[in-house]
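Structure in structure tokens, see below.
Labels run A, B, C, D and E following the written order; every chain starts at residue 1.
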Amino acid sequence: MIIRPHRHWFVRLFSWHGSVLSGIMFRLGLNLLMSIVAIYCLDWYETLGVKLTLAPFSLLGVSIAIFLGFRNSVCYARFTEARQLWGNLLIASRTIMRQVLAISPTDAPRISALLMAFCYSLKHQLRQTDPKEDLHRYLGDEAEEILRRRAQTNAIEMKISQWLAEQRRNGEVSDIVYAQLDSSIHQLSQVLGGCERLASMPLPFAYGLLLHRTVYLFCTLLPFALVPDLHYMTPLVSVFIAYSFLSLDTLAEELEMPFGYANNHLPMDAMCTNIEINLLEMNNQRDLPDTPKPDRYYRLT
Amino acid sequence: MIIRPHRHWFVRLFSWHGSVLSGIMFRLGLNLLMSIVAIYCLDWYETLGVKLTLAPFSLLGVSIAIFLGFRNSVCYARFTEARQLWGNLLIASRTIMRQVLAISPTDAPRISALLMAFCYSLKHQLRQTDPKEDLHRYLGDEAEEILRRRAQTNAIEMKISQWLAEQRRNGEVSDIVYAQLDSSIHQLSQVLGGCERLASMPLPFAYGLLLHRTVYLFCTLLPFALVPDLHYMTPLVSVFIAYSFLSLDTLAEELEMPFGYANNHLPMDAMCTNIEINLLEMNNQRDLPDTPKPDRYYRLT
Amino acid sequence: MIIRPHRHWFVRLFSWHGSVLSGIMFRLGLNLLMSIVAIYCLDWYETLGVKLTLAPFSLLGVSIAIFLGFRNSVCYARFTEARQLWGNLLIASRTIMRQVLAISPTDAPRISALLMAFCYSLKHQLRQTDPKEDLHRYLGDEAEEILRRRAQTNAIEMKISQWLAEQRRNGEVSDIVYAQLDSSIHQLSQVLGGCERLASMPLPFAYGLLLHRTVYLFCTLLPFALVPDLHYMTPLVSVFIAYSFLSLDTLAEELEMPFGYANNHLPMDAMCTNIEINLLEMNNQRDLPDTPKPDRYYRLT
Amino acid sequence: MIIRPHRHWFVRLFSWHGSVLSGIMFRLGLNLLMSIVAIYCLDWYETLGVKLTLAPFSLLGVSIAIFLGFRNSVCYARFTEARQLWGNLLIASRTIMRQVLAISPTDAPRISALLMAFCYSLKHQLRQTDPKEDLHRYLGDEAEEILRRRAQTNAIEMKISQWLAEQRRNGEVSDIVYAQLDSSIHQLSQVLGGCERLASMPLPFAYGLLLHRTVYLFCTLLPFALVPDLHYMTPLVSVFIAYSFLSLDTLAEELEMPFGYANNHLPMDAMCTNIEINLLEMNNQRDLPDTPKPDRYYRLT
Amino acid sequence: MIIRPHRHWFVRLFSWHGSVLSGIMFRLGLNLLMSIVAIYCLDWYETLGVKLTLAPFSLLGVSIAIFLGFRNSVCYARFTEARQLWGNLLIASRTIMRQVLAISPTDAPRISALLMAFCYSLKHQLRQTDPKEDLHRYLGDEAEEILRRRAQTNAIEMKISQWLAEQRRNGEVSDIVYAQLDSSIHQLSQVLGGCERLASMPLPFAYGLLLHRTVYLFCTLLPFALVPDLHYMTPLVSVFIAYSFLSLDTLAEELEMPFGYANNHLPMDAMCTNIEINLLEMNNQRDLPDTPKPDRYYRLT
């Protein structure tokens, strides 16, 4: 089990790592600039009959908050589903290992290697990185055959299925045990299909578009609406409001596609290692990899 | 797996494709016109004792935002369910293929063709297009018999079931393996029934009606409520608020029936090709169709 | 599959059928009357020291919108669940038919009739109408025995179960096939139990009560709060706000018990016909009922 | 199926039974009193420099409405889950009865009695009442042995399981039928475990605490914030707002623990009778208890 | 079943235990201090042209309330899932016990001890405490072997699986019964995997960060925005608003990781004892531990 250190609430107030601040710094600076422009130009543009008051911005702000809240729920649900699928991958790996150890212990090391190859291949498929090295480590020469395919992770699952089919054909396992193990392999299918669904189908593009535009325009116009009331306090309040809207917008976007390397993405490297530790230990091996730990910036990849 | 290119946030601000802007341009123009009318007629109609203030519109606007938020969640849930059903179709197809390859490899090409016919028939049924060509490609002369039926997709599923029943009657598969494969066919049933449910039962009509009316009337009256406060800034703020409300309303409507050809609908053509690639590769065929890629407007059909 | 025609957005604005307008016309009229009373009595009752301002009504209005939003989600969830249960009924009927055709084709017509009797009996039970005619059509003299019972739909399910038990006792089906078919019958049980649960247990009564009262009182007092600001525009804005609150309240109530004949209720007649078409076609019968189509008011029963 | 009479919307406006009014009458009276105090003391305490305006109360009121909405969703979800579990109890009872009638009809009366004892025991366990009488009615002398135990409902389930184990040991049922029936008994386990979970683990205490405190303090201070604007209308508006907040708070609390005797709790007596009618009729018995009907106050226990 | 005493609503208003007050006392004190500073410095800093009004804070406050509401739902969902997993642990333990008693009663005490060891090991793993004593109590010398491992809870599950595998190898249980029991063991896997997922993957760190920062800054600036309107009433209203925002924020954080010892965390000690009582009684043992009861501060650990 991967354990993350707890951070004190005071540290949290001034934390930089893990936050989305770096991504919105430029836009907050822009907002600050607009605030200063607004203070100095207020008298001039009011003489032109141009004025902005806070009332319509309140209506707009609350509406945007409701829509942002909706988008956040939806993106967070994607993140949670991704995490759940990888949790199910751990459960399915353990279950297949357990069943193989009960039914046919001599084949356990081979199945363990195939399961690890499945996990690493899924990781590389989702991150669009090269699985070559990892597959060779677990599958040896067999890896080449897999690497020539397009649906590589599915091909590895097929290897497990082929092993099971052979066992059944040789009469090593009865039809009932075959059906039970096949159901466990089906759990791998569900993890694979679920991850592919999340990765290939983002949120409808127009949602992000709509919220980006309204949040940006809102933050740009806000200083002009605040300045008649707040005058010199405009920069503080304007940047504060912009910070809460922009960072929620940015965070939602980060969670939308949780399979990358960003701070709030799934630490799939650590998860793969964790599954490996479990499978090796179930095979009574003593030489286990280290339990993954976050680096000094609290990051896991 | 289908991969979509990522668009930079700056591109997003000025993106046209994938947005719902084209659908609401006319109504935004109307809103702009009303704003100009409001500016020029303000003095005249105030002399008649007619006045509108922003306060009641704030109340109304926040209420509409809450109701719009509800409708969006609901329509997005329909979109997500549709996507999940097609994801399950991929999983079920792979599972049936895997089981057939384990149990009775000689029949695999036939079952593969039936599964592809099932996918294409479902696509055509949901889009109400003509399945003739696709069914002939996969089923040959058998297609005619299917095309004469009303529940065509279900009839194709029956073909798979009949194959399985024959295997059982001939003693090729035991009752246990029959039950296991029948459960996998049941997954196709669930995808079919689920898609039919989504397609035949839209959101209660009164929801759309109610929100269309309130959003339209709200946007029409809004300039008159803004003009006493904002004067020459009325068009900008009014069109901005109208944009966020109208586009969310339009987007929800697009997501409500996700089986069409619109930008935010399910790319069922690409999904069918993706399933085909998977099934062919599981049968060790080398001549695969190209992985579907979005066109230059980021569209997949 | 039942297909509903699409209505243009312009038609939607002025649509009457399918809306809940007819149900709230009286109360909107009342609201209009109060607005006119408010305009003419404003001067008089202000001299009495009685005044109402919009600010507390804004607070109240937004709160009511939040609570209405909650009740709508909940009632819509009931509607969706009801629709899903009937979707599952179609899936379960097809599955049982498919399995019977695979296992024991000679009994298929009898099981088909029992399944149709189950669907119609469930419809009549939920609508509290007389199932006599429909049961006689499918079951002949056997119907009398069913009609003497209290739990009629469950009794029809028992008939299917008895047929299966006989097959097993006669050694026609093995225990495994018995278990597989019994699981499919269990799906009918779940549909029946789920529908009974929805029909016998409405939303806690106090929710409807609380929202009816607050919405009604709010709409009654609203004109008096609007009139100091809006004067002659009071009727327009007041009726507009009342319309959006009252119609959402009415719609939620309609969706709460989705088994009736109202516009937004489940078209269970059409659904039964749809299941019948599917079952008959699976039995290779050519003489099918017409696919149900909405009438000219877009209604299906 | 239990049917509840429908109440007209007009009756609903003035309904007392089924509402939560009786529970909050005292606190509404308090609010009325505070309003009158506020009217008479306004001039006096304003001279002391003490003043309250509505603006911060609007902010607070909307926030509380959002939090109340959250708590309501959560408590309603508990109520729905409890109802669903009891719905599943009906489904599971019917399923076990159906399977026993198919497999071993002679034992059906004994299993029927055990199922009824399970239902009544669960009811008494959840309401913390004495199950003695009900258990004796169904189990005779066997009841004493059950009553000496702490986990009584589970002990009754064990009796069904023991019967099944005996059948298997005697070779009356095959392992497959054993597994099928054991899965049905597992459904009873899930109902029992689910109900125990709901009953033993309320909402985190701090939620109720937090909302009680804020709602009470808000309602107490509200009249002082309203009085500068509304003067003599303060009592009406203040009691109205307090009514909507307090009754939602009280209703949420009632739904949190749905296993009692309150108006909006689960009518477990009626549900037990309903299950009994179903089981007896499945055993072809004619002498059935009456279908439970609500009393003249629309109440079912 | 664990029963908690009910507390009267009046007690609730002034309750200290179980609330999150102790955690936010310091920050409320800070808010009170700022209010007093604001009152005394108002005249001075207004001369500098610095002013803050409530309007932008209303917009911000409502937005924060929406975001807080979102975070609360999400954290509460984690808490509920954790509770559900432990509820499933009880159900799975009972089910395995019931099946073992039916299949192989002589092994029941051994399996009972392994199940208890599983529960305690899971508890210690989640709380990161030392399982040594508890494991020795249930497993005797076997405990040492478990304690040398990293995935200890999984290793205990493997022990149950090994027993089952032996039974199957010795021909004591048929393949069907093996598959049925293996499915029950899979339920333990799901509980273990689910708890590990919750414990190892908190909410994305940026959410907490973002809300902490905005809530703190909001509460700090609030007195300065309230003071122009409320003057001497500022401390009361400011502390009230700060209380409702800060305590909701703190409560959400507490629920996020529900496996600790805090008031609103899962009482896993009591749950383990409850499972033990159930398992011992199913084995007809009379010497049961006491039913866990909350201490005088209503706490269970």
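Note that in this section contacts are C-beta pairs under 8 Å (C-beta built on N, C-alpha and C of every residue); 3 or more make two chains touch, one makes a residue touch a chain.
Keep in mind that what you see is a predicted model, and the values were worked out from it rather than measured.
Chemist: So if I look at the partners of chain B and the partners of chain E, which chains show up in both lists?
Modeler: Neighbours common to chain B and chain E are A.
Chemist: Hop distance check: chain C to chain E, minimum number of steps through touching chains?
Modeler: 2
Chemist: Quick check: superposing chain A onto chain D on C-alpha atoms, how many degrees is the rotation, to the nearest 5?
Modeler: About 145 degrees, rounded to the nearest 5.
Chemist: If you average the Cα atoms of chain A and of chain B to get two centres, how far apart are those centres in Å?
Modeler: So the centroids are 24 Å from each other.
Chemist: Which integer distance in Å separates the CA centroid of chain B from that of chain D?
Modeler: Going by mean C-alpha positions, chain B sits 38 Å from chain D.
Chemist: For chain A, which residues are shared contacts with two or more other chains?
Modeler: 55, 58, 62, 66, 69, 73, 176, 179
Chemist: Moving around the ring in the sense set by going from chain A to chain B, list every chain once.
Modeler: A, B, C, D, E
Chemist: For chain D, which residues count as touching chain C in their complex?
Modeler: 1-4, 9, 12-13, 15, 18-20, 54-55, 57-58, 61-62, 65-66, 68-69, 72-73, 76, 79, 83-84, 87-88, 90-91, 94-95, 98-99, 101-103, 174, 176-177, 179-180, 226, 229-233, 236-237, 240-241, 243-245, 247-248, 251, 254-255, 263-264, 277-278, 281-282, 288, 291, 298
Chemist: Which bits of chain D are touching chain E when the two form their complex?
Modeler: Those in contact with chain E are residues 48-53, 55-56, 58-60, 62-64, 66-67, 69-70, 73-74, 125, 128, 149-151, 154-155, 157-158, 161-162, 164-165, 168, 175-176, 178-179, 182-183, 185-186, 189-190, 192-194, 196-197, 199-202, 204-210, 212-214, 216-217, 221.
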